[in-house]
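Letters A, B and C mark the chains in the order given here, with residues in each chain numbered from 1 onward.
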Amino acid sequence: MKPPLGRTLLRLFTVQGSWNYERMQGVGVGVAEEPLLRDLAVSRSAAAYRAAVARAAHFFNAHPYLCGMAVGAAARAEHDGTPPDQVERLRTALCGPLGSLGDRLVWAGWLPLNSGLALVGVSLGLGWWTVVGFLALYNAGHVALRWWALRAGWARGMRVAEALRQPVLQRAAAVVGPGMALAMGAALPLAAGYLGGPFPGWARALVAGVAGVGLVLLRLPRLGVTGLRFGLGVVAMALVVGWAWR
Amino acid sequence: MSLEQQGLLLVWGMLVGLDLASVPQAMIARPLVAGVVAGAILGDVGTGLRLGVVFELLQHDILHLGAVRYPEYGPATVAGVSVAHAATGALGIGFGAVVGLFTGLLGGVSLHALRRLNTRAVQRASDALEAGDAATLVRLHVTSLARDAARAAFVTAVGLLLAAGVRGFLVGTLTVRGAMVVAAAATGAAIAAGAAGTLRLVGGRATLGWFAAGLLGGAAGAWLK
Amino acid sequence: MSIKLFRIDDRLIHGQVVVGWGQPLHVGFIVLVDDAVRASPVEQELYRMGVPPHIDVIFASLAEAVAQLPEWDADPRPGIVLAGDIATLAALTENCHRVTRINVGGIHARPGRSERLRFVFLSDAEVEQLQRLAARGVEVTAQDVPTARPVPLAEFT
């Protein structure tokens, strides 16, 4: 029988839709894995299917784009008749590497890289086409990663570590990091120029001053200052000044 | 702003809020995307882009480590654009930032509340889940998705109300110079957040070199422009 | 002492441990005390993957850990000792009077456990185990990441 990987992929796009503090992504992972477990009811028994579905929905947390690898690997292991406790232990063991790989590859790499490119494009006056380009490029990588992860997991089952050892992943991580640094490096002065451009000289000096003070405060983690808190504080002060200065 | 436009902004804010964590995480929740489409709905893509850049920079300050609470800038940008659009040019950025920052704060709080509700629902269903009841599993998931849609719509609606309030009461009380102080302060804060967030990601010496190269190139480009 | 953190976390090695604690403590090695992982090369490889190359990962059974704890403690590099459940860490620290603090980093939901904190779910028996540790003079706190507040045992049991 052909495994319903397409249906599982579609469900994986909602994998964090029921995120909760008790099972984290577990429920979403179970929902995505369930179609791959259905033929256990035929090949083995209804009880085997239900036990596998229950395991699939247990606690899980990793990078959302890479959850598919755990879904595929666990489903394949269930089909291979792997003992239940080993399936559970495989899922637990996958949380760490899939989380850290996704953080490096996507949250700290591909996403800020694309965001940086988009900021450069908008700042150079390319307008809304930049945003179309951002969505197309980012999601080409995003969807490819989800699909690859699911198929690699399903193909290997308990031997899923092989997929994570692939040199292409290391190479991707090695390219995406410097690319992100380059794109964001270029984006920051360009965006500052784009945002500051319409202001008169004194207001530009104010922009620079606030940015400088903010950067220092945000670089001192002990202070507990976040971008949101700093933004709210500075805007509140500016409202008072702006209202009084007539 | 017409009622149709308000309705469209509400729907767009809901989709943006859903995208952040639930479905499909295609990054329409990024402020740049959320802002441009909100601007297009209002016939003012320029303001959408400008406020989008401000919140896109602020977004870089957020690290996704563990279940740490973070603000939600997607629906916030949508609400912010609806007020920034009311003032001319760059002056509206300050008002947009006021509305956006508060809405972003509310978004973060609402996400935590949503996750608590989801937790309780999962706990209630735990016997059925342990029995491998697929129907309950799917129902639980779909209900949670619907809950997030309602949450995102609620946050956007509050943001739009806040925007209407700021348009009605705040915009008129500030002089052009006063509005400019607020806009400049918000812009400075956004640049600081973008720079701090990037520096946190740029770790080793090799990436630092690439960052410096980008910085030089970007500075040259900005100067030439 | 070289071991900076004794942690109970049922997810074992993951981002909060490696990045969250590993970076600020400048950790040079992580000891994972778990009999099942010690016996499974597949799992060992997966756990090692989540850790950057400059951090050593040592997989130990409980018996090995009891024997080697003084050796790790004499290591010049700062280290973390990690176990997936309370019983393992309690047994490991039973005869080691130098262990003064234990960090509860994450114990997740399972039938029979109830929620004590966002990241701590405990059965009544497990609460008793923790209280016995505290009675021995060990300071037990719950804290998932270093930037969070350490919650004293009395507040979550």
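In the analysis below, contacts are C-beta pairs under 8 Å (C-beta built on N, C-alpha and C of every residue); 3 or more make two chains touch, one makes a residue touch a chain.
What you see is a predicted model; the values in this text were computed from it and never measured.
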item	value
Chain located farthest away, centre of subunit C as origin (C-alpha)	B
Chain occupying the middle, per Cα centroid	A
Whole-Å gap separating subunit A and subunit C, where each centre is the average of the chain's CA atoms	27
Between subunit A and subunit B, centroid-to-centroid distance (C-alpha), Å	16
Centre distance in Å when subunit B and subunit C are each reduced to the mean of their C-alpha atoms	37
Residue numbers of subunit C (touch at least two other chains)	15, 19, 109, 115, 118-119
Of all residues in subunit B, the ones touching two or more other chains	65, 67, 119, 123, 130
Where subunit A touches two or more other chains at once, by residue number	21-23, 103
Interfacial residue positions of subunit A with respect to subunit B in the complex	13-14, 16-24, 27-28, 30-31, 34, 49-54, 57, 64-65, 103, 107-108, 111-112, 114-116, 118-120, 122-124, 127-128, 130-131, 134-135, 138-139, 142, 177-196, 198-200, 203-204, 206-215, 217-219, 226-228, 230-232, 234-235, 237-239, 241-243, 245-246
Partner subunit A, residues of subunit B touching it in the complex	21-28, 30, 32-33, 36, 40, 45, 49-50, 52-54, 56-65, 67, 71, 89-90, 93-94, 97-98, 101-102, 104-105, 108, 115-116, 118-119, 121-123, 129-134, 137-138, 140-141, 143-145, 148, 170, 173-175, 177-199, 201-202, 206-208, 210-219, 221-223, 225
Contacting residues of subunit A [partner subunit C, same complex]	21-23, 59, 61, 89-90, 92-97, 99-101, 103, 158-161, 164-165, 221
Complex contacts: residues of subunit C adjacent to subunit A	10-15, 18-19, 36-37, 40, 42-43, 45-47, 49-50, 108-109, 115, 118-119, 121, 147
